[in-house]
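Paired with chain B in one complex and with chain C in the other, chain A is shared by the two complexes that follow.
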Partner chain A sequence: MKTECYQYFKNPLYWVVIGLGLAVRTVLAYLDGRYRGPQFWELAADFWNKTGSVTMGFLILLVMIRRFSFDTELRTFPIINSTSYGRFSLFWNRLIGGGAAVIAAGLFLYAGNIGISFLLGNKIDMPYGWTNSFSCATVIALVGSVGYFLMSAMICDLAKNHPIAMCLCGLPFASSYFINAGAVSPPDIFWFLRYGLFTELVRGKTIKSFPAFWFVWYIALIELTLFFVIRKRKERKEL
Partner chain B sequence: MRLVLSEARKQRSFRETWVGYLLTILLLFVLIYTGLGELKYVAEFGYFEQCWFTIQQDIRSYVGTFTAFLLVIGLSRLMCYETEQKTAGLVSTAAHGPALTWRAKIGFSLIYCIAVVTVLGVVTLGSHVAIIGFQGAFAPVSECLHFESVPLSNLAYCIVQYGFLLLGALYFTGFILIVATLTKRTSLTIFLCGGIYLASLCYQFVIEHRLRGLTSQICKAIFQFSFCGFMQLESYRWFEWVGQWENVWKPIVFVLLATVLEFAVLWLLWRRRAKT
Partner chain C sequence: MNLVFENISKVFQETVALEKIDLTMSSGVYGLLGPNGAGKTTIMKIMTDLVSPSTGRVLLDGQDIAVMGANFRKKLGYLPQDFGVYPNFTAEQFLLYIARLKGLSKYEAKRQTDDLLAMVGLEEKARKKLKGFSGGQKQRVGIAQALLGDPEILVMDEPTAGLDPEERIRFRGIISALSQQKIVLLSTHIVSDIEAIANQVILLKKGSILDVKRPAELLEKIEGMVWSVTVDTENEAELIQKFPCSNILHTDGKSVVRLLSEHKPCAEAAPQSPNMEDMYLYYFGQ
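And then the complex of A and B:
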C-alpha cells in the first residue's frame, strides 16, 4: 500500500494540478482583496465551492484514476495479473493509497488557501470563527472527494479505459456546476444531476434537500460499483 | 478517400466515443425536453418573436458545449492512436506514409466536425420548429443578443449562427489535433482541451464580472480570440457590447486565418514527429 501511495505522489501531474489550483486561488484572492475587500474572508471560506472542488475534480479524474487503467494501456496487465499479489490485493491497495493521496491533496489545498488568505488579507479583519467554518467545509469536501475518487476509480477499473471513466464521471460532475440549486426541485433530473454524484460534498456543502436519501444513495452507489467490479473481475479471472 | 474511410473505421472502434455519443444524446434529450414546455407555453400566446429569441440562445446554452464535448471525445485519440498502438514506426516506413496519414486524419477531422455541428443543429432546430412551426420564421429578427440589428429572417439567422459555430468548431478542432500531436496521450489531450474549454466557460459565466481594470481587459481579449469565444458566439461582437452586423467579416476572417495557421502548425509538428 505504501508503494501505491508513493506512486501517486511521484506523479508530477499530481503536483502540477495542486500548484495550478493554488495559483488560481492566489490570483482570485489578490483580486478579491483589491476589489471586494469587505467580502474577502467570505470568499476565502468559499474556496471549496469553486476553485478547490474544480482542482480536486481535475486531480481525481486526470491523475488519480489513471492508475486503474494504466497497466492495460501499457499492456503489462497480463504479467501483473499472473503474480500472487497482482489481482484484488493490488486493486485494494490502489484504492486505499489513492484515498490517502486524495486526503493529502485536500490538506495541501486547505493549508494553501489558509496561507494565501492570511498573506493577502492581512489588512482585512478576519471574522470570528472563520477557521472553524472553513475546517468544517474542508472535512465535508474531503469526505466527498474520497467518495468521488472511489467511485471514479472503480468505474475506471470496470472499463479499463481512462477516457471512458473521465467521460462518465466528469460530465455529471462538471454539469452540476451549471445547474442552479434554486431552480431545481426533487423529482427533477437536474436535481439528481446536481446532487447525485458527490459534487455537492466536494464543494464543501452539506445537502439540504433530502439528506438521508443522499446518504443512502452515496453508500449504495459505492457498494453497487464495488459489486460490479468484483463481478467483472471474476468474469475476467482477475480476482 | 479510402484512407479517410479507414480513419472513420478506426474512430468507430474507440469506446469512449460511443460513451460520449450516448451521454450527449441523453443530456440533449433532457435539455430539449425541458425547454420545449416553456417554448410551447410562449407560442400558445402568440409571442413568436420571443420564441425565436429563445431558439437563438440554443448554441450559447448547450449546443456549443456539446459540440466541444463531442470534438474532444471523438478526435483526441485520432492523432495519438499510432503512438499508443506502437505502429507509428510502421507508418513512417511506407512511401509518403506520414503525409498520406496526415491528410486522411485532417480530412476525417473536418468531416467529423461538420457532421457534429450539422446533426446537433438539425436536431435542436428541428425539434423547436416541430413545436412552434414556421410561424414567425421568415419575419425579420427583432431582438438579438449579439448584434444591434440583423438584416436576416429569424430562421436564416439561426442557420447562420450554426455556420458561426462551425467556424469556431473548426478552430477548436485544430487546437485539439495540435495538443494530441504534442502530448501523444489520449486522456491528457481530453483533459487539457476539455479543461481549457471548461475554464473558458467558467470565465464567461462566473469570473468575467469579478474582474476589473487591466486584468479584465487582458482576460476579455484572450477570451475574444479563443475558440470558446467563437463557439459561444461571443467573439462575433468583436470587442463591442452590442456588435455591428457590418463588422462581422472581421471575426470571420480572423477565425479562418487562425484555423489555417493551426493546420499549418499541425503539419509542421506531424512532419517533425515523423522524422524523429
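And then the complex of A and C:
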C-alpha cells in the first residue's frame, strides 16, 4: 500500500494540479481583498464550492484514476498480472493509496487556502468561528472527494480506458455546477445529477434534502461499482 | 516438479487456437516452435494463467493452477512477447516495483535487482529512465523482471527478439545456467536459439502438437533428406518449385540450392547434414 501511495505523490502532475489550484486561489484572494473586502472571509470559506472542488475534480480525473488503466495503455499489463500480488491486491492497494493521496491533497489545499487568506486578508477582520466552519466544510469535501475518487477509479478499472472514464465521471461532475439547486426537486434527473454523484460533498456542502437517502445511496453506489469490478476482473482473469 | 496440460483447448469466438493439447513438462528447457498463428502465445498465456482454457486444465504437481492463484504465480516468471514498461521509471525502479509485486522483501528486491541488472548487462543504465532505452535494452529489462524472485517456472515469449548476437549468446548462457531445477518454456522464431539451449522441442501447428522431441532426435528424423545442388541461375526456379528449399547461395553466376527431398533430387545433388532450419522447413514448410 505504501508503494502505491508513494507512486501518486511521485507523479509531478499531482503537484502541478494542486499548485495550479492554489495559484488560482491566490489570484482570486487578491482580487477579493482589493474589490470585495467585506466579503473576503466569506469568499475564503467558500473555497471548496468552486476553486477547491474543481481542483479536486481535475486531480482525481486527470491524474489519479489513470493508475487504474495505464497498465493496459502502457502494455505492462501481462507482466503485472502474472505477478503474485499484481491482481486484486494491487487494485486494492491502488484504491487505498489513492484515497490517502486524495486526503493529503485535500489537506494541502486546506492549508494553502488558510495560508493565502491569512497572507492576503491580514488587514481585514476575520469573523469569529471562521476556521471552524472552514474546517467542517473541508471534512465534508474530503469525504466527498474520497467517495468520488473511489467511484471514478473503479469505473476506470472497469473501462480500462482513461478518456472514457474521464468523460463518464467528469460530465455529471461538471454539469452539477450548472444545475441550480433551487430549481430542482425529486425525482428530477437534474436533482439526481446535482446530488447523486458526490459533487455536493466535494463542494464542501451537506445535502439538506433527503440526507438519509443519499447516505444509503452513496454506500450502495460504491458497493455496486465494486461488485461490477470484481465480476469483470473475474472474467478478465485479474482476480 | 511437473506441469501437466490436460486436454487443453482454446477457442476465440469461432477460431480454434488450441485443440486438445496434452503435454507433461518437467525440469528443463522446452522450445516452442511453430509458424505464426500456431497457438504459441495462447499456450503461454494459458500456462501463465492469464487466459482461461475453453476446456481442460493445467496442473502443477497435481494442483490446478487456476485454483492455486497467487501461490502459482509466486513460482512464475513471465516475459510476454509484446510488453511495455513505465517510461518515467528507471530500470532499477521498474525492477524494484515488480519485485515488490512478486512479494520480495525490500532487501531481497534490491539485492536481486542489482544482480539481475548486472546479469543482463545493464548495471550502468540502472538509474536511467526507461523511455530512453532501445528495443534491445527494454528486452533485457523484460528478461530481468521475469527472473526476479528466482521463479521455478519461466515462460518467455520471443525472448531474443531485438537482441544483438552478443546479447543472444549471453541470454543463452543465463537460461542454460538456470535450467537445472526449473521448467523453462520459450518460444522463438530463431531456431538456432532452440538448437543451442532447448532440451526438448515442442512442435506446434494449427493449435495441435505435432511432436515433442530432443533437437538431436528431430534432426535424426530428416537425416539423408537434405541436399545441396549447384545449378545455373536459370535452372534454380525449376528446382525450388519442385522441392522445399531452405537456402540459396549465389556465387559466380551459379546457385547453390539447399533442398529437402526424401530421394536424391538430381544427379549432381550432394547430401548435407541437416540443421534446425531444415527441420523447421520439413515440419512447417508449404
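In the analysis below, the second predicted complex is superposed on the first by the 239 of 239 C-alpha atoms of A that agree within 3 Å, B and C clash if a C-alpha of one lies under 4 Å from a C-alpha of the other, contacts with A are read in each partner's own complex, and residues count from 1 in each chain.
Just so we're on the same page, a residue touches a chain if its C-beta (ideal position, glycine included) is under 8 Å from a C-beta of that chain, and two chains touch if they have at least 3 such contacts.
It should be emphasised that the depicted structure is a prediction, and the values quoted were computed from it without experimental measurement.
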| item | value |
| --- | --- |
| Chain C versus chain B on the shared chain A, clash or fit after superposition | fit |
| Touching partner for A:137 - first (chain B), second (chain C), both, neither | neither |
| Contacts of A:56 with chain B and chain C, given as first, second, both or neither | neither |
| Superposed model, chain A: greater residue contact from chain B or chain C | B |
| Which superposed partner A:90 touches (first chain B, second chain C, both, neither) | second |
| First, second, both or neither for A:29, with chain B first and chain C second | neither |
| Partner chain in contact with A:80 - chain B first, chain C second, else both or neither | second |
| Partner chain in contact with A:151 - chain B first, chain C second, else both or neither | neither |
| Minimum distance between Cα atoms of chain B and chain C in the superposition (Å) | 11 |
| Doubly contacted residues of chain A, that is, touched by chain B and again by chain C | none |
| Touch list for chain A against partner chain C, complex | 3, 74-76, 78-87, 89-90, 237 |
| Chain A-touching residues of chain C, taken from the complex the two chains share | 45, 48-52, 70-71, 73-74, 76, 78-80, 82-87, 97-98, 100-103, 142, 145 |
| Residues of chain A that touch chain B when the two form their complex | 28, 31-32, 34-36, 50, 54, 58, 61-62, 66, 73, 159, 161-164, 166-168, 170-171, 174-175, 177-178, 189-190 |
| In the complex, chain B residues that touch chain A | 15-16, 19-20, 23, 27, 30, 34, 69, 73, 76-77, 84, 186-188, 190-191, 194-195, 198, 201-202, 205-207, 210-212, 215 |
